[in-house]
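Chain IDs A, B, C, D and E follow the sequence of writing; residue 1 opens each chain.
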Amino acid sequence: MNIHDALFWFFSIAMLACGLLVIANRNPVTSAMFLVLLFVFMAGLFLLLEAIFIAAIQVLVYAGAVMVLFLFVIMLLDIKASERRKFKILGVVGGIAVGLAFVWELVIILSQPIEPLAGGGAELHGGLEEVVKPFFAHYMLPFEVTALLLLVAMVGVVLLSKKELK
Amino acid sequence: MTSALTLNHYLIVSGLLFALGIAGVIIRRNALVIYMALEMNLNAANLALIAFSKFNRIIDGQILVFFIIAIAAAEVAVGLAIIVALYRRKQSISVDELTTMRL
Amino acid sequence: MDILLGIAVLLPLAAAFLAFLFPANKPKAIRALAMFATGVSLLITLVLFANFNRHESGYQFVHGISWLPTYGCSLKFGVDGISMTLLLLVGFVSFCGAFVSSEIHEREKEYYILFLALTSGISGTFCTLDLFFFYFFYEMAVIPMYLLIGVWGSLPPGKHGRTKEYATMKLTLYLTAGAVLALIGLLAIYSISGTTDIEKLQHNWVATNTQMWVFPCLLFGFGFLASMWPFHTWSPLGYAAAPTAASMMHAGVLKKLGAYGIIRLALPLLPQGARHWANLLAILACFNILYAGWVALTQKDWKFVIGYSSVSHMGYIFLGIAALNVVGVSGAVLLMFAHGIMAALTFGLIGFFYHQTHNRFVPDLSGLARKIPFIGVCMVMAVMASSGLPGFANFVSELMVFLGAWHQGSTLFRVATICAVWGIVVTATYLLWAVRMSFFGPFDEKWSMLKDAVTFKQKFPYALLLAVLLTVGFYPRLLTDIIKQSVATFVPADSEPSIAATPSAPDLAKVQE
Amino acid sequence: MTGFIGNAWIWNLYAVQLECLLAIWGILILLSDAFAPTSNRRTIGYMTAGFVAAALLYSFFLVPLQGSLFNGMYRLDTFALYFKRLFLLALTMVLVMAAEFSPRIESGVAEFYALLMFCAVGMLLIASVNDFILLFVALELVTITFYVLASYLRRQIPSLEAGTKYLILGALSSGFTVYGIAYIFGTTGTTNFDTLSRHLSALGAQPPLAFTFGMLLVLTGLGFKIASVPFQIWAPDVYQGAPTPVTAFLAVGSKAAGFALLLRVLFTGLMPVQYIWGPLLLVLAGATLLYGNLGAIPQHNIKRLLGYSSIGHAGYMLMGIAAGNALGVSAVLFYLGQYAFTNLCAFLAIIAVTAVTGSDEIASFSGLGKRSPILGLALFLSMMSLAGVPPLSGFFGKFQLFAAVIRRAQTDGHYYVLAVIGAVAVVISLYFYLGVGRAIYMQEAEDPSPIPVSKPMRLALYVCMVAMIGLGIYQLPLVNASIMAAKVFGLH
Amino acid sequence: MNHWLLNYSVDWGMRNGHTPICSVWIILFAPLVAAALIALVTPKWKGVSAALSIGAIALSFALSMGLFLVFAVKHIAHQPHTIQWLVVGDAVRIEFGMITDPLAMLMLLVVTGVGLAIHVYSLGYMKGDPGFSRFFACLSLFTFSMLGIVLSNNFIQIFIFWELVGASSYLLIGFWFEKPSAAEAGKKAFLTTRIGDVGMMLGILLLWSRAGTFNFAELQAKLPSLGLSPGILALIGVLIFTGAVGKSAQVPLHVWLPDAMEGPTPVSALIHAATMVAAGVYMLCRVSWLILPSATALHLIAWIGGITAIMAATIAIAQNDIKRILAYSTLSQLGYMVMTVGLGGPTQAMFHLTTHAFFKALLFLGAGSVIVALHHEQDIWKMGGLWKKMPITFWTFLIGTLALAGVPPLSGFYSKDEILLLAFEKSTPLFIMAITTAFLTAYYMGREVFVVFFGQPRDRHSYDHAHESPLVMTLPLIFLALLSIVAGWHGRVPDFLGALPETGHHSVLLTGGLIAVPLFGFLVAATIYWKPEPSDAPVKAALGQLWTWVENKYYFDELYAWIVKYVQGTIATICDLFDRWILQRLGIGGLSVGTGLLGRTVRLLQTGSISGYAFLVGLGVTVIIYCVVVR
């Protein structure tokens, strides 16, 4: 087992543990904290996969922006009190059952080796140029659409969370 | 690369995370936490994509991940805005109380 | 001449669109328009009938335009002996229906629009030579019928314990259920043959084992509308709730669409299937005849009596169809015509006095014949026609059905014929009872406000329908000659019923001496 | 296209001009509202509707392009144009509705119009999608906009509830979609539909399980959009709770978008594996038909009823897709086209009525035929068209779908079962649609005062009714258009 | 009769194109035209209506007479003149044709002759009735139908007119429709005879399926070559006979005839004495070639006839209504005729039919005259001593009575004599029944005459107002009385039909007995009823329980009422309940409720809970994956 493998196991297990804690924890603040950790470990996995740029984005956008948003909302709403109730047994059983079933199916599916129908070219290194260049060449349209999407999100958020109505 | 790690390792991890996400959505009643679980789903997909991208040596996977992250951020913003609006109106973000329309 | 057929069919529809543009506060103009449209339609139909080549069995006046070339479907009209007969039926009944519609006094504009659309839909079904348009027109009756009954109808409380909304809903659902079942069969035929042209379809034989299940689709699908037992329960209720003209159109004409569908499509396109299912059809026909007759015996509401009576009569039509010989099927077609006219007449008459009495509960009425002798006479004649009295077209057609069914030869059909012949006694029993109770007997003073039909306009529709019945009854070959030719194109020719040699004409002369 | 490679960007711009027009107009609305807010809430809506209508007309001058644009991500073929016109039509009507509805929007009327425009941009893109990446992005544009739109009346619990439900379930289905895309990408190495199809055809054998897995997850996401069983569960609640114009847009636009994607994905990229998804859709179509139509029976809220009804209609259209032949595809296209008119007609009428009565209950439509003959007629006709009664367009739509299924049944008898289920569904659906009809014409109104109908509304209603009746009687134009569009897939 | 003149006139007629065949069509359709004209044009003008009707039947009578004379003089063979009425394929060729053989001609004369008398009589009887025109229209319609039966040359045609006769009798019996009993009687007559028609129709069908034609002549020619088994032959015969049972009111379908007396008296005379009820017998004679080969059928027919004869006669002795007694008498005489056919003597049956038509019509019209005189009083116990008041009526009635009883030399004696002789030869039990009937006939007719015309008037008021009827009513009486006297002389009628079969030599004793029996009957009646204050009491005492049975007509009506109510009523109720509860409530209702419940069940999934929804979505995904991928 080389260091690469060891890191994989560490990041994976830690990430999954965080994931479990996110959903198993009753306090949303704690959940949010574990989610941050999860994002970070995920970024670690990305690094292992040599997706350096994406790993960076992951930390910046997720751990940085998204989670702050979450925490901000949690604080803003001060919802600790309301989220103290117990889990519903039925929901827990159902959730676990569906989750397990999904994993079980996935295991069966993955037991058949995956041979990509079309192999790629050179090894990827996850560098900035490698990833970013296509955005402005091949993927310009989705890129622009994403921009519009962000505009929509902005307008939407403003409208939905304005305190005072016009 | 002398690593013993195969694509399946990453896929299993991603699958487990995805399963956790689904389970979280089903189990939790707090809209915020449900939303967190949903983010886990997207992350699981990201992991699978990057793993595929890596092992297939095709960059498109990473591009998609980029879009996903961007969109997820926008989605979170909108989602949280809705949750805030919901809280303002009902003083609660428990989805259990959102059952006025049913049957 | 050919284009006249299309005009006869579509004129009422055109009038409906025209009526749409009329202001709603001019009901008289709209009524006049409706009468004009149906009247001209009838006239054109009569002209066509006069010009109909009585020696040709195929479709005449064929005329059409390509409509959906991608489906090979065209808006094509044409009539053979069978559809000519039924087109006449639509013409007469719709014209008379427009006449008796003067009893309607609210929302007349909508009423006449729907009535005209209904008329076009029905005559379109009878005349179209295209599978798609057949179905299109067939189902087009649903909306107008639903609204006509639901908005303008009335259903007095009785032991049925239902409202008119229930009745109209039930009717509509039944019609649609049957229609979609038939649709599956029709589409299967279309898929196999790749054409919607009925003329061409007759050359495309469906494989035998496919026929075995496509036929029942059509049979029962169309059977719903033709009130085949046990799918009949919508019909008496529906008639009872309908306004006069709607029940005339429904019992008189619309119901015949079902039987027409079987005769026009199921028999020629699926002959083996027909032979396979004929026995079941005969059994169901007996149920129709006797069962419905017996139920009619217990009814107390005039419209229910006639409603069940019409279910019972549809049994004769089914029996004629099941016989699968020229006499039987021709008899069925003629009975469709005769019963259509008769049912329209009866419902028209009921409507006439119901409009004044607001009561059609038989035991409540008594001795009406004194106050409304004209209606009474017409009713007696209608009842006589219905119970198969010679002189009326109904007798001829029922006789042909008996002959056809008996001629079929198997024991089952013999028994069925016996049931059918007994059915005319049952029919006479309840109809005479109803006439006896409401028109005869001591006059009840509470009906002294009744007014008889005195003006020409009031009498005309009933007189016209009676005249038609009598004309055909006296000289049935007017219609049977053209019907039998068309029927013979898809039904095997009848052999002489006996194997024994017939004496030739000179021999006969000798015998006479 | 290779000949034009040199100035491909011109063609690319040509291809997305409608999207650009709409996006720019949307931004202009936002800007104008920011700097010069108009006092009249409706004017801007009608203006926008007029603009979109003009764009719709203009779209008929666009020429379909062979081959794909934007590096194979985007197509402007007849299929795409068909759907673009459909979406523009829907948007026009929805904008009229929105203008009618605007007095009930507490804040951000202009933004409401703008969001509708942006949403439509996403739909227009969806019509042209030829790549999973663009698919995802465009889909999310539509979906996220709908999150906002559905919860737009944020003071009202139903709207918020609808928004939240749509948000959580929509995000969940997005997760499935993305996950599925990942697996498709991973097993085939491409996200492009054409390439995917080529790879799969070249495979010759069964694709790996993981591919099928991915495919199913993508179908899950699309099934969510079109509200097919078992992903239909959100539809009634969201339809009921969302602001009515949004519901209309969901019912017409979003559903059509889902079908556009489904058709495009299934009949280009996934066509080689039809033997896998065909039977699945067969089952799902049957289940969807039954669920939608059975569930609608006991409903007494008209929007909720239409929610169930939209599930039912998804079932009908799935019949056509399951049939998997050229007739089936063109039937679905025709159906969507007429369904747009029909459903929009219904929602137009509902908005006009609820503006006065303030209630969505079917009982509140009692006596509508007398209170406002035109609204009564419009709603009644649209109900009948939904039920599929001639001479209305819904009839011919269903007729084609049944024809497609039965044609397919000639080779696979299972499809007869589907046809029978469809037939049963037709009968059941007639029951509850007639329930609305009964209220309109056979029941007396508590308050018989007439209901005013504004001119643009009246115009829109007339357009829809004429289309419903016209397409019911003279089906050829739309049939030809749908056949042309379906030709893209080269089916038989 | 000047033969030269006759020859000349016949030749003249034929030269001018008026072939006898052509006149047959006029004979048939003149009454129909009259009926149609009355109904459509002249309902308001009563005089014109009556004139039309009477003119039509007079024309028919005259032409029938002409036809008869032409036949008698020139022996012109009848040429079939037919219209193809309904032709469908090879199997069904129904023609509308005429038959003018002696049998038909005889019947034509009877129908038009008696009919004419009754039409004229009606002029007086129906005077002042609001439905005067309607009455004559119906009468003409009836005449048309009856003539149709007579002239039909095939089974379908005869069936058509058979039914029309039923319908017109329905209209005539129920003529006073506001009287519930009349309306009921009309209905009863129509329905009861229709039951018989069912059998007849089936017989026709059965015969047609074997022979392929309906035409009498063709059938008669074909029958021997068809090789029908005796069973089938008997079945056909019996089924055809069923029609006659209905129309000729034989047991067990006789119940309608007495009730039919609710109609106006001319109707009773025309329909229920002279024509309609005779139609059954006529039809049997017409198709005797079909019945005669089957011994079984003959046997059944004879016994039904015999039973009807004696049963009706016994009932008649206890009736109090002047017309009902005659009605049962009619039944009894019809029984005679049917029995005769059954014994293989259609000619004798026709003979009796003819004479009976005359004297029974006479009796009915006489009764009508009495009834009118007493202001529609029909109970014989309220009459009495009328012979002085209305002599013409009395004497003609007496002639009719004697003829009916079979007192020589009146016509009834000859025809009845033939029947009794035949019975004597063929079957002893039937002979005994017949002779008993003959006795009873004389007895009850004696009773009627004595009670009605002799003794003290029991209702002084009406007696005082009674007077002889006007000439239009008495003239027909006289005319019919004459016919009743002469019709039997020299066996003209049977000669016309063809020679009677040689009956052999009978002992003087037998002939004497046959003359003695009616006289004995009168004697008995006279001893009981020829008193100032006659009463049934002695007979009642003598008969005991039997009287009750007889008085109540052997409870047939009650039995049928029971059957109709409980058998048919039960079936109908069961069907109705089945329709309402099983088909509609359980079947359709169940289906709709079931669908509704299914709908309610389906929507239970729609809990409104997001977690639940998410679970369902997740479940859906996993299940789909399982089904498609894993499995």
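Following the convention adopted for this analysis, a contact is a pair of C-beta atoms (placed from the backbone, for glycine too) under 8 Å apart; a residue touches a chain by one contact, two chains touch by 3 or more.
These numbers were taken from a predicted model, which means no experiment stands behind them.
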| item | value |
| --- | --- |
| Lowest number of touching-chain links that must be crossed from chain A to chain B | 1 |
| Any chain in contact with chain B as well as chain E | A, D |
| Chain occupying the most central position, where position means C-alpha average | C |
| Farthest chain (mean CA position) relative to chain D | E |
| Selected pair, greater C-beta contact count between B-D and D-E | B-D |
| Per Cα centroids, the chain farthest from chain A | E |
| Separation of mean Cα positions, chain C and chain B [Å, integer] | 65 |
| Between chain E and chain C, distance of the C-alpha-averaged centres to the nearest whole Å | 35 |
| Separation of mean Cα positions, chain D and chain A [Å, integer] | 31 |
| Distance between chain centroids, defined by C-alpha means - chain A, chain C (Å) | 70 |
| Residues of chain D whose C-beta touches two or more other chains | 133, 137, 140, 144, 147-148, 151, 154-155, 164-165, 168, 172, 176, 186, 189-190, 209, 213, 236-237, 298, 431 |
| For chain C, residues contacting two or more additional chains | none |
| Contacts with two or more other chains, residues of chain E listed in rising order | 603, 606, 608, 610-611, 614-615, 618-619, 621, 625, 629 |
| Which pairs of chains touch, using the document's own definition | A-B, A-D, A-E, B-D, B-E, C-D, C-E, D-E |
| Footprint of chain B on chain D - complex, ascending | 132-133, 136-137, 140, 144, 147-148, 151, 154-155, 157-158, 160-165, 167-168, 171-172, 174-176, 178-179, 181-183, 185-186, 189-191, 236-237, 240-241, 298, 304 |
| Chain D - residues contacting chain C, complex | 384, 389-391, 395, 399, 402-403, 406-407, 409-410, 416, 419-420, 422-423, 426-427, 430-431, 434, 437-438, 441-442, 474-476, 479-480, 483 |
| Contact footprint of chain A on chain B as seen in their complex | 2-5, 7-13, 15-30, 32-33, 35-37, 39-40, 43, 46-47, 50-60, 62-63, 65-67, 69-78, 80-85, 87, 91-94 |
| Chain B contact footprint on chain A (complex, rising order) | 1-2, 4-5, 8, 12, 15-16, 19-20, 22-23, 28, 31-32, 35, 38-39, 42, 45-46, 49-51, 53-54, 57-58, 61-62, 65-66, 69-70, 73-74, 76-77, 79, 82-83, 85, 87-88, 91-92, 94-96, 98-100, 102-103, 106-107, 110, 114, 116, 118-124, 126, 130-131, 134-135, 138-139, 142, 146, 149-150, 152-154, 156-157, 160-161 |
| Footprint of chain E on chain D - complex, ascending | 164-165, 168-169, 172-173, 176, 209, 212-213, 216-217, 220, 224, 229-231, 233-234, 236-237, 276, 280, 290-291, 294-298, 308, 428, 431 |
